[in-house]
Each structure stands twice: as C-alpha cells, then as structure tokens.
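Reviewing the structure listed below.
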Amino acid sequence: MSGTKGLNRQQMADRIAFEFQDGWIVNLGVGIPTMCSNTDIGDRDITYHSENGVIGYGPIAPQGEEDLNLVNAGGQNVTLKAGAAVVHHADSFAIIRGGRIDVTVMGAYEVACNGDFANWKIAGQKGGGIGGAMDLAACARRVFIIMEQTTRSGAPRLVAQCALPVTARGVVKLVATNYGLFEPIGDGFRIREIAPGVTLDEVHATVGCKLTVPENLLTVRLVS
Amino acid sequence: MSGTKGLNRQQMADRIAFEFQDGWIVNLGVGIPTMCSNTDIGDRDITYHSENGVIGYGPIAPQGEEDLNLVNAGGQNVTLKAGAAVVHHADSFAIIRGGRIDVTVMGAYEVACNGDFANWKIAGQKGGGIGGAMDLAACARRVFIIMEQTTRSGAPRLVAQCALPVTARGVVKLVATNYGLFEPIGDGFRIREIAPGVTLDEVHATVGCKLTVPENLLTVRLVS
Amino acid sequence: MTQKSKQVGTFREAVQDVPDGATIAFGGFAMPGVPFNLIKALLEHGAKQLTLVANTTGGAQQPRMPDIGMLVENGQVRKVICAFTASTRPTDVIPFTKYYESGEVDAELVPQGTLAERLRAAGAGIPAFYTPTAVGTELAAGRETRVINGREYLLEYALPLDYAFIRATRADASGNLQFHRSQRNFCPVMATAARVTIAEVDDHIVPVGTIDPDQVHTAGIFVHRLVKVPPAPEGLWPTRRQERRR
Amino acid sequence: MTQKSKQVGTFREAVQDVPDGATIAFGGFAMPGVPFNLIKALLEHGAKQLTLVANTTGGAQQPRMPDIGMLVENGQVRKVICAFTASTRPTDVIPFTKYYESGEVDAELVPQGTLAERLRAAGAGIPAFYTPTAVGTELAAGRETRVINGREYLLEYALPLDYAFIRATRADASGNLQFHRSQRNFCPVMATAARVTIAEVDDHIVPVGTIDPDQVHTAGIFVHRLVKVPPAPEGLWPTRRQERRR
C-alpha cells in the first residue's frame, strides 16, 4: 500500500501550505487539507476560510479549550485568528462563487492530466458526498489536491482520464501525494518534486499516464 | 384645485393606517405614506419596514434628537421601536420580493380601475424615479395608494386606464384620496367612504371611469 | 404596542402542527446549529411523508445525536435534499444508505453552495438563477444550461420550505436571533425560505429591545416560535467531537 | 502573522489609481452611507468616462453635499446606473436632468431592489437571475422573460464593479466594517461586487481583533482601503435633513 511510503499526512499538508502566498484566502477541505492550518509558513498572512462561514480561523483548538459552536469544514473545533469574521452559508458560498478564494485544497479519488478530478462519488455507489466541493472546484482561482499516490489496491490515482464522476473539469493546478508534487500538463503529469525515500521508478510505476520529469528533479521541500 | 377640499394629508394617511391589521409588516413610501407611522392605531402591533433595511421604525425623531444615520424611505430621521433590526439593501429587498410585506403604501399619479397604477415617470420626461416602487408593487401582498383626487389642473387620477407608464399591473387594492376611500373593481371604482365636506356629485365629476356607490355610503372614518 | 412573545413552553408544542407531507429544513453544519431538540420532538410527533432539507443525513459520528437519518429510520421521510447522501469514504457506511439503496426513501443530491443559494433565492423571491457550480458533471446531465459572457452556467430553482428548524444562541421575545460563531451556517437562510421558522435557543429568551438592532443576525419577522433549550440531560447540547468510525 | 493595516492617510491617496473608464458604485440612501469625502476626492482627481452606480444622482436636497450629479457636471461621467434618474415631482428638477436630456450622459434606470440584487449577484458569482419586478412595465419591453410556476419573471444580469466607495462607522485595520443603523444600506453588497472597495470611516480605525467576529457587517476580505473621516469642516459629515425645494 502506497500510503506507507514517502510523505506522511502532515508532510503532504505542509508541502501544499508552503505554496500559499502572502495575502491569500485559502479554503481547506475535509481530511488532510484541514491539516494545512497547522503548518507554520512564517510571516505570510493567510486567511483560512471554511464553507460554513468562518473567515480567518487558525489551528485546531487545544483539548479542553474548544468552542463547541466553532468548527472547520471537517467538523473539528478550531480557533479564530484576530480579524476573523463569521457569515452565514449563502454569504459564505457567495465568497466562493464570487471568486475570492485564492486556492481551495481538497482530497480526491482521481486526478486526470487534463485537470479534471473526482472526489464525490465512489464507484457503484448510489448517491454521494459533494459538500462544497463542486462550488469550490468551479469557482476558486486555483485547485490544489492532496491524496495518496495510489488506491489501497495499488491502482494509480494520477490518471489519463477520470473513471469516476468528476467534481469539476480542467481545474486542478497542483497535486501533492505521498510520492511527490505533480502538475497536470494536458498530455500527462509533470513531477516537480519527489518525496524522500521514493525512487523515480516507483513514481513511473504508479502514474497512470505520461510522466514528465524535469532535468533537475528536486526533493520535496519540507521547511517553509 | 382638489387638494384643498376634503381630507388633509395626515387624514389620508390616518385613514389608510386604520386598515393595518395586528401583526402586519408595512412598507411606507415617500411623501404622505410615511405619515402613517405617526398615526395612533391603538394596540395593534405593526412593524414598519423601510427599503433601506430598517425593520421596526416608529415616528419621526423629535428635533434635536435625530440619529443622522437613521432614515425612512423619504430620508427623514425616524426613531426605532423596541425589537427593531437593520439589514442591508439586498436583504431588505429579499424581504420585499420574498412576500413578507403585508401592505405597501405609495403615492401615485394615476390608478386604473383594473388595479394598474403609475407613479414613476412624468409625461414627456426622459428617465424617471422608480426607487423601490416596482419591487414593492410587484411583490407586496397588498398595494394601497394615497394621492390627491385630481391633478393640479383638475384631471382625474382615478381612471379607466393609465396614460402614463405603469409601475405594476393589477395590484392596487385600495386608494385613499382627499375625496374618500376607493377600491378598483375591474370595470370601475367602488367608493367605500366619502370625505366630510365632499358631495357625491363632486366625486362623480372627478372619477374618470364608472363609479359604484354602495347603498349606505359611509363618511370617512377618522378615529381608529 | 402589544408585542406578543413568540416563546412556547415545549418542543412538543412547537412542532405539533407539522402536517404529513411538509417540507422541513434543518440548520446545522457538523454539530453547531443543529436543532437536536426539535428533531427529537419531530421523531416523537410522527408526521410522515416528509421532505427534509439539510447539509447531511447524519449518522457519521459517535455518539450519535438526533439527525435526519433517524427520521428516515423512523419511517417518516419521503425524500431528503442534501449535500451529502453517502459517505465519501468507502469504509464508512452511514445509516441513510441502506434506506436509499433499497428505495424506501428518495434523495436529491445538491452541491452545498447551490443548496444554500436555492434557499436564499426562495427567501428572496428569486424563482431561479444561474450558477457555475456542477457544470460538466453528472449532476448537470440533461439539465438546462446557458452561456453568459462566454462561460457555461446551470439553471437552478428556488427551494421554498414549509418549516425551518434552527438553533440560535440568543433570542428576544419578538424572535430576533443571534448565533454564536459557526452555529450560524444555514440557519439564517433557511429562516428566510420558510413559512414557519422554529428556533431552539441556548440562552434564556430576553425582553424585546435587549438586542442591538445593528447586531441582529436573523430578524424576528422571519421567526415564529422560540423554545429555550433546558439544561442537559433534559435538553440536548452539542458535544465534543468524537473521531469518525474508520 | 504580519497583518498590514489597510488604512491610508488621505482621500486623495485612496482614489489615486482610479483609471478613466472605471465602473464605480457609491453607497448611500439619502444621507446615511454616502461617501461624501471620497466623492469630493474623485471630483478633484478628475478621472473621466466613468460609469457610476448609486441609488440616485443626487441634488434634490439643500444644502447640497457631494453627489454623483456633481461628477456629471464636472464632465467625468459617461453613464449612470440608478433607481432615480429624474425627480418624481414635476416641480423638482434635479441637476442631472439637464445633462441627460441633452445627451451628454447616458443613464440606465433600474428598480432599487433589482439594483441591489444585481450587485449582490455580481458579488455572489451568480451571472443572472429571474425577478418579478418590472414585469409588464416599460422597463421590461423587448426583454427576455420566463414563466416559472405560472408567474412571469424578468431575466436580470449581475452588475460587477471596479470600485465601491462606501461609508462605515467602525473599521479594524484588516478592513472588517460595522455600519450604524441605515448607514448600512447598499454598502455591504457594493463591497462584495467590487474588485476594490474603499471605505471612509467615521470612528478611528481600531486594532485587528477589536471587533467581535460575530458582529462584523462586511468582512475585511472585501475591503481594500480605509480612510478616517476628519472632523468638520475638513471632513464632510451627514447633516440634518432640510426640506426639499418645492
């Protein structure tokens, strides 16, 4: 199982968080993405937005100090940063559809090399769990994905085209997996950085389409 | 000029205000309608709404006690009643379009016997002053009009059909003029009450279409 | 002016006029804002053939609090309209799934922002609007789209409600509400979309005039009944989050 | 975190990057919320070929405060989009009328609720919506309508802005705003519709973290520049209402 090799969950979140630029408004999805708000990215001023209307939250609340009426997208009790503001759900998605989110970070089952991705419906399942993913994917300025390199059975998640129903088309800009950092470039993926302890052969074997490797392939950066 | 006969401005406002029922949400337009919030209608609980987002205002502020950031639809400094709330313009018109306004009271140039009315554009003028009138007229549960019986030149304002561009079609339920209280009933107007000092002949002479007079025509009620 | 208090004494009394076939929305995102006590009262009330609107059907966390899924299990529901009708993890099976897959209940899956906007539209007298969300996905298959300024949009319709069941922190007797932090979520928009809004309230109901008009989150004109949530164990309150079952 | 203050020192500096041809909205309904000082700065700045959005063109009351009509008189305006482009009283002639009738400036007359909703739609990523307002009137002539559930509605489009000039009572350095009473009016929706929002503020700008997050009326993410309004006579403030000229 690929999840045991390369980066751990917090390291994947950290690597994505290092991409956030000063002044960005960032939406973090359920699961590993919410761990980005724990990452120390120095003195960059980032506003974390959650689709339930929280603008400007910070790290998870210490145990015993939780405000039970304050949660992030994953239902975890978080803290607020100075300058925070709360709005209702329609206003929160107005922020999303209105194009104010500089990046949304989400999990996914599959990302295709044309930028399509799928994260709401499991094969053969009736119904699904869309949450705010379709709104965010369609409207955020950038979509970054964090996911394991392969499925539990070893099948690639970086693919030529999505087999599962897509969440949005042509929107993914960057993918962090436990194997490294990847960009969909149309006819395949480009690997930007490779995880420590992972070989290029292992990457090739786990990408379901063409893989472009730059001449000087860097190792995944793990400090801000 | 008809404005000098029958009811004065405050009496017209009073007569309309007496129609308000306990629990109603009432929007008052610029001019005579705003005078309704001064009328004593006993212990009925009325919520006055203004399109600039004030829910639950009361009488005009006494001189020297004005809050310069608190106005009604006419720009007059008003007071708030206990239980008031303030919202922004989009939310205020959401209340209007959402059907929460039990009655809107407006001025008009003309009312037709089919319930059409005109109050935003003067003949031959380029442009006009719509304000919130079209939203209110299209969406309030009831539209009541207060206007002079005739134009300054003596022409009827209660007419067979509007000559001026309409504000909305088929919506007027009740009209108070200085001559009395009228209802548009399709093929003409029915006079419900006649103003003291006005004769039925004078009413007939100043209505531009068929007038129906009930057997026992009452005089305009001027106490709640 | 005689302003009558909107406070009613019990949750049972608050929900007693809910008829079979009603469309009811429930506030809440995770624990905050969920009207646990009104859901419990509706379970006891027993109205049937309901259409329920909420972010999720619930049941993904332990200990389980009253949720929409329980109304389904109780045979009271015809259809749910939610942003989650199944878990996104193959290892989680939520209680609702069994009833949905067997065809005992219908479901409409709606992106969360579209759900919020359809409720807002219903409250704002907007019968339909265009949105970029879900364009190019299975949810847009066979539906009306329109290109505006070179981009494709999906037509969505307002979602009007008979009832909104919500939870607030503070209320005055005329129904003006304040929410604490992310308790707000869907509650204000559901209140605007409903003919009848019932709010369960954490704090004691305060006299009319106590809340600053500038700081009202939901105006009393949208709120019809208020019930004070009693202290636990009689009243149900949000709990600390437990990890999901894996 | 280094949160930079959004406060700038002067109105002149706040408006200096406004280019010719920009679309600018101005908050305000009667006196409350009108950014008198920013209008004055824009008059001095001199940008031309502007499209201006506001409730009225102004000039109906005495003493006259800075208004959109003055920008028209100053030759800076290509078009206005307003709910009032003429007085509704034959005896009142507002300053704008002369320029409009002579064809020196264009105008689009929009019902006030439609104006607010078109701004809200622009801020909410909704490119178009249907409304019952203006159906059957001259304003709907030749335009697209649609029957939904048996009622006729008019299609309206979002109205995006380059700038919003607004006035607030209180701000923190990150741009979170609070409005006092009906000062709020169009200001919050204009802020959401604009690429750049500039707020003139009555009180001293307070440190970040001073305003309760639950009581923020316009979130700082929508606000880009803040200017403290100096005391009169240097700064312009709402005055007591004078009766209209008859």
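When the chains are written out, they are named A, B, C and D in that same order, and each has its own residue count from 1.
As a convention for this text, a residue touches a chain if its C-beta (ideal position, glycine included) is under 8 Å from a C-beta of that chain, and two chains touch if they have at least 3 such contacts.
As the structure is a computational prediction, the values presented were derived from the model and not from experiment.
Engineer: Is the number of contacting C-beta pairs greater for A-C or for B-C?
Structural biologist: Between B-C and A-C, contacts are more numerous in A-C.
Engineer: Distance between chain B and chain D based on Cα centroids, please, to the nearest Å.
Structural biologist: About 28 Å, centre to centre.
Engineer: List the centre-to-centre spacing of chain A and chain D in whole Å, with centres computed as mean CA coordinates.
Structural biologist: Taking the average C-alpha coordinate of chain A and of chain D, the gap between them is 38 Å.
Engineer: Please set out, as single numbers or ranges, the residues of chain D touching at least two other chains.
Structural biologist: 117, 120, 124-126, 131-132, 179-181, 184, 213-214, 217
Engineer: At which residue positions does chain A touch at least two other chains?
Structural biologist: Each of 80, 86-87, 90, 93, 96-97, 139 in chain A touches at least two other chains.
Engineer: Taking all chains into account, which pairs touch?
Structural biologist: So, checking each combination of chains, I get A-C, A-D, B-C, B-D, C-D as the touching pairs.
Engineer: Tell me, which parts of chain C touch chain B in their complex?
Structural biologist: The contact residues of chain C facing chain B are 1-4, 120, 122-126, 172, 174, 176, 192, 208-209, 213-214, 216, 219-222.
Engineer: With touch defined as at the start, can you tell me which chain A residues reach chain D in the complex?
Structural biologist: 25, 43-47, 49, 55-56, 80-87, 90, 93-100, 139
Engineer: Show me the residue ranges of chain A that touch chain C in the complex, using the header's touch definition.
Structural biologist: 30, 50-54, 66-71, 74-77, 80, 86-90, 92-93, 96-97, 107, 119-122, 125-136, 138-139, 165-169
Engineer: Which residues of chain C touch chain D in the complex?
Structural biologist: Those in contact with chain D are residues 117, 121, 124-132, 146, 148-149, 151, 153, 157, 178-181, 184, 213-215, 217.
Engineer: So in the complex, which bits of chain D are touching chain B?
Structural biologist: That would be residues 29-33, 55, 61, 83-88, 90, 97, 100-101, 107, 109-114, 116-117, 119-120, 131-139, 169, 179-189, 217, 237-241 of chain D.
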